[in-house]
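Presented sequentially are two complexes of chain A, the first with chain B as partner and the second with chain C.
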Partner chain A sequence: MINLLAQVPTYNFWRVPPLSGELWLKIGVTLLLCCGIVAFLMNAPTRVRRPVVWFFTFIAGAFYVALWIWPQPVSREPNTLPRDGIEGIGFLLNDIQPRVADVSNILTTILLGLGIYSLLRIHLSKIVKRQADSPFSIVLIVSMLAITLVGYMDWYMREFSVAGKEGKLQEMVNWTPINFAQNLLFDGFLQQMDSAMFSMIAFFILSAAYRAFRIRSVEATVLMASALILMISLLGGIVFAWNHGVANMAAGMHIPLANPEINEAGYLNNLKITSAAGWLRNTLQVPALRAVDFGIGLGALAMGLRLWLGLEKGGVTV
Partner chain B sequence: MSDTKPTFLERMQNLDRRILYAILVVFTTVPLFIKTDLPVEPDAYTKALYYRLMTIPQDKTVFLQSDWTVSTRGENAGHMEALLRILMSRKIKFVVYSVGDAQAPGVYREVIRNINLERKEAGLTEYKTWDDYVDLAYFPNAEGTLNAIAFDVRKAFASRRVKDPNTGSDRPAFESPVLSKVQTVGDAGLYMIVTASSTVDRAVERLNERTNLAVMCTGVIGPSALPWYQAGQIKGVAIGLKGVYDMEYMMKYGLNHPDPNKNGRIEVPWAGKEDKSAEPVTEGKTFARGSLYYLSFHFAILLLIIAVILGNVGMFLGRKAERAS
Partner chain C sequence: MQWHDTAWVGMVYTLLLVFFILFNIYRSEKKRKDLFIRRIPGLNAIDDAIGRATEMGRPVLMVPGVGDLNAISVQAVNIFAHVTKTAAQFSTPIRLCVANAAVYTVAQEVIRDVYQQQGLEERYDTDSVRFVTDRQFAFAAGVSGLILREKVAAAFFLGEFFAESLIFAETANGVGAIQVAGSTEKSQTPFFIAACDYVLIGDEFYAASAYLTRQPILVGSLVGQDWAKILMAATVFLGFWVNSYQRGQMTDTHRMTLKDASEEDWNKLTEDQKKTFSTAETWKKNDDGKTELASPEDTGLYRAFNPLFTKEDLTVTRQPDPDAPKEAGGGEQ
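For the complex of A and B:
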């Protein structure tokens, strides 16, 4: 018999209906509780704070270590029951994993709030004390508040107003001043300034290339030759013309670029920019990067172990 | 004190940087007004990406992890636009989200909106949220989220609700036609990552054994993605602006595809993979942002090369003068 109620969500202590009063109450109580814990930890002496921070660090790390080393269920169906204790723990870790990911997402979001708090504290204190450059702090605070306020108002209109629900606000002709303000602040100012900041790098690169990229040694000569080949290989038009020149030269000399009789490419292929750049990438660049990645991986593993076990002096032991 | 006037070459060694900057501005902005379709030889890894995209079964959903913001718009917007044009022309559904940056959803939504407007103006059907694509917004913790996607994608996205325009209410994302058939991340037609950061490394670490990954990334991130491609852990890569133009070029001419307008000549051959071919994109734009920026890019790189050569000529002249004195 088909269970027609299978899709109906079941509510319990941990799962309550969206937008219900109970949900808001629980969010409020949790927020207050978390603020209390943070305030306690911030004011607690180091000898109290250290074991608390280490305990949570260890528990968080232990979960992912267990998830990594414990045998995982293969081809598990929704109603499958574990056959023994080992499989039971595997099932448990598997089931908990998405919830741990949710918690980690929430914790990372709290960092955003922490950043806003820190920004406001520093710049409001600068403004109150009328320190040097405090006008810049005023601009920063006003900009932040404006884009936050207008952003929320725009979101509210798109989600909850009649025009928003009917999808009319997708069209610019139906926009209200709030939607235009959001467009001006986010698309008009923030995005363009962000792009402009990044494009300034081009000026510094050009200036550095002119003044600093000098052939002073054999190593620098090799580096510059490689860089020039790789830079030219990005210029599709030039590469295309050069490679066709090589092909025409080969045709003029009656040398096939790919000789099926001896099953290898003609030596003139090596004159192609794509061949030279490909050789540099595949034979020199990629292996070097792989070696660097191995080094970084080993370093991260060592650092991770030290943090997890509370051995890192700059980490949880402070 | 010497009265001899400096030679032209000597003057070139001590150029004021403001002159250099002015030359750069002229060299990069003027070509933006010249529309050219330069012939190119796309990179092998970009050909692999195009082939993958053009051979995704139409009933499969593409997972699109978009981790870029406007600071890299010059490269990533072109990637995203080319990707969306291919998916929309092939009527392939996609789910889009970000694990890289809180600004990313605002940016990719704008690209989707613009491509939809472009399609509307061309008389093509628009892509609709819920029916054709699902937007899951931002997941702040890349490691945890990608791990959860790898283990159980239905649980990883379980809390995300999407507005169903047919009913006007928010419903779980997995009830949408886009995700209803997806049980694991392995059911994805392709897992695409458009990024300007190292989230590609995180995705490879967590997902490469579970699904087929492919990457579109900036020129800065490109070299670090190539070891993954060489190892077969990602199936195709488009790097930087060259990657954008390569994609657009293949969208126009196909891959190993005989062009009927050129007496059946194959415009983009794929050496060693003659048995594999992909059609050009048959509806909507092909040449767009990549074509618009590529000539500027040529001029900027050539200017960089000239600057390096001039700087070194100056150094040698200076040394020669020192030895002579």
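For the complex of A and C:
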């Protein structure tokens, strides 16, 4: 079946000379068509929109289900023919997969535009109405415009200028003010502010831990004790002394410090702080997390099935 | 044992789980009788939290995490639709902050539809659903700023959260907001437990829709998940016994004195102590008849769920494609 199909000459809608009028025409018409479909869907009543949304959800879901179930061709090399029909469909699914991913990427990009529109609408309206905190909105809009503009200019210079093509802009000595501005905005401001936010977590952990570790109930006491054992097991000096003491007890003798692990068979070794912490992690924590994983996985599976088959009523599929 | 080495068992197993869920959805639609769902405090607290926000005249904050548009964010938006429904009835302002443009679009549609369905379209504020940014810590900063400026009375953090979870929870705690949180990221759940009033743990997050709406389809799906859990628990026990038996079969356990392991350590012990030391190792015979250490990968259950490819399986000869472009290395040879 696949060999027969292979004889049909392949037609590519987009196979036209680069930058030709025909290409721009096709891009323009396609863009208009897509905008029309989006506008129709946005304005359509729910009872019309729902089956359309479900249809595309079902098709996309069915593709990935087929990709998962269908036997995948092993050791595939480029420009080879499938051996039989089953492998042919496997080839087809594999070849289509990047195109489906492209559609997903294009949709995400379009939706990013909507996100930026939301951001601008909220903050520009704040600025125009001179609401409280509107200076922050001005900072946001100016920063957004600056980083976009400088970012594109920097990219253009690196890709298309003579210095960029020769790779000279890799070195700071050849940078222009635009490259310095890009570096300042991205590495100097954005990355540093990200790091500052991330470092704040340490302080939040402290305040949250203080509240969580206040002994108010049996559960909180167990939590406190477990946390204490785990934390102590990370303190090298205490671990060394504790474990050596336990090893001495287990051996019933004084063991030189250089070899504290000498008696592995004594049951008292279970009292070593590292053994207790390991037991808490491997015997109590890991199985509990596995169980949580099972539950989350099944929940996601059920949710995915309901969405794929259009069984979900209310919420997202109103 | 070769018959199950292509891992089809794993696929059949997954399809069985799917069957359990779909069968119970079908069954619940037919019978339509009320099924018991255990009490989930975090979900019971939703109405209380909204009531508190209404009394204080402050907004309710909802954050569906920083993940992409997937089952998790869709479920979060579903729960937020329920929260919004209640908030709309009392004219309580809402703020839904989103870090992903696709989730933003979906959330905006859902929230608008909720107001429409309640016949309260005039109460819908287009700025209530906001795209903040798609950068993780910029999002954390933006939402924290909103919490502090608007002094939200209730905060719902449900979805896919990572390092920013504690920033949100502690900031909301700082303004005295009642917090209901739940993350599918198990590494973040402890942070929420430490900082929030109510936490949905694991699959409670997915059970929320069924719990709140009691729709037969959702409740049936929940029963299906319970069936699937029973099957998984049975598989774990089966695996436990099968692995123990199989590893026992290929195990040659022998007592070995420490002398065999380390002469130096052995010499430090007294004669009495020497008698107490022993160790055991697990060995198996390989295809050549030699002994080697056995690994969990040698057990039947592992092999059932993981494909075993031989060298022959991976050596495939295919005809070249005569229509392939020459420059790509194809064409007629």
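The working rule: the second predicted complex is superposed on the first by the 221 of 318 C-alpha atoms of A that agree within 3 Å, B and C clash if a C-alpha of one lies under 4 Å from a C-alpha of the other, contacts with A are read in each partner's own complex, and residues count from 1 in each chain.
Keep this in mind: contacts are C-beta pairs under 8 Å (C-beta built on N, C-alpha and C of every residue); 3 or more make two chains touch, one makes a residue touch a chain.
In this text, all values refer to a predicted model and were calculated from it rather than measured experimentally.
In the superposition on chain A, contact of A:R306 is made with chain C only, not with chain B. Of the two partner chains placed by the overlay, only chain B lies in contact with A:A101; chain C stays clear of it. In the superposition on chain A, A:D293 makes contact with both chain B and chain C.
When the two complexes are overlaid on their common chain A, residue A:C35 makes contact with neither chain B nor chain C. In the superposed model, C is the one of chain B and chain C that contacts more residues of chain A. In the superposition on chain A, A:T274 makes contact with chain B only, not with chain C.
By the touch criterion defined above, A:L92 lies against neither chain B nor chain C after alignment on the C-alpha atoms of chain A.
When the two complexes are overlaid on their common chain A, residue A:F198 makes contact with chain B and with chain C alike. By the touch criterion stated above, A:I27 is placed in contact with neither chain B nor chain C.
Of the two partner chains, chain C is the only one that A:E77 touches; chain B does not reach it.
Of the residues of chain A, those at positions 107-108, 111-112, 190, 194, 197-198, 205, 207, 209, 211-212, 289, 293 touch chain B in one of the two structures and chain C in the other.
Taken together, the chain A residues at the contact with chain C in this complex read 6, 10, 46, 69, 73-83, 107-108, 111-116, 118-119, 121-122, 125, 132-133, 136, 190, 193-194, 197-198, 200-201, 204-205, 207-209, 211-212, 251-253, 255-256, 259, 262-266, 289, 291-296, 298-307, 309, 311-316, 318.
If you check the complex, the residues on chain C that touch chain A are 11, 17-18, 21-22, 25, 71-72, 74-75, 77-79, 81-82, 98, 100-102, 104-106, 108-110, 113-114, 117, 126-127, 129-138, 140-141, 145, 149, 163-164, 166-167, 169-170, 173, 184, 186, 189, 191, 193-195, 201-203, 205-207, 209, 213, 215, 217-218, 221-222, 224-225, 228-229, 232, 265, 268-270, 273, 276-279, 309, 313-316, 318-321, 323-325, 328-331. For chain B in complex with chain A, the touching residues are 15, 17, 20-21, 24, 28, 38-41, 44, 69-74, 102, 106-107, 110, 113, 139-141, 143-145, 147-148, 151-152, 155-156, 158-159, 161, 165, 168, 170, 219, 223-224, 226-227, 230, 240-242, 245-246, 294-295, 297-298, 300-305, 307-308, 310-312, 315. Of all the residues in chain A, the ones that touch chain B in their complex are 18, 64, 67, 94, 97-98, 100-102, 104-105, 107-109, 111-112, 165, 167, 170, 186-187, 190-192, 194-195, 197-199, 202-203, 205-207, 209-216, 224, 228, 231-232, 234-240, 243, 274, 278, 281-282, 285-286, 289-290, 293.
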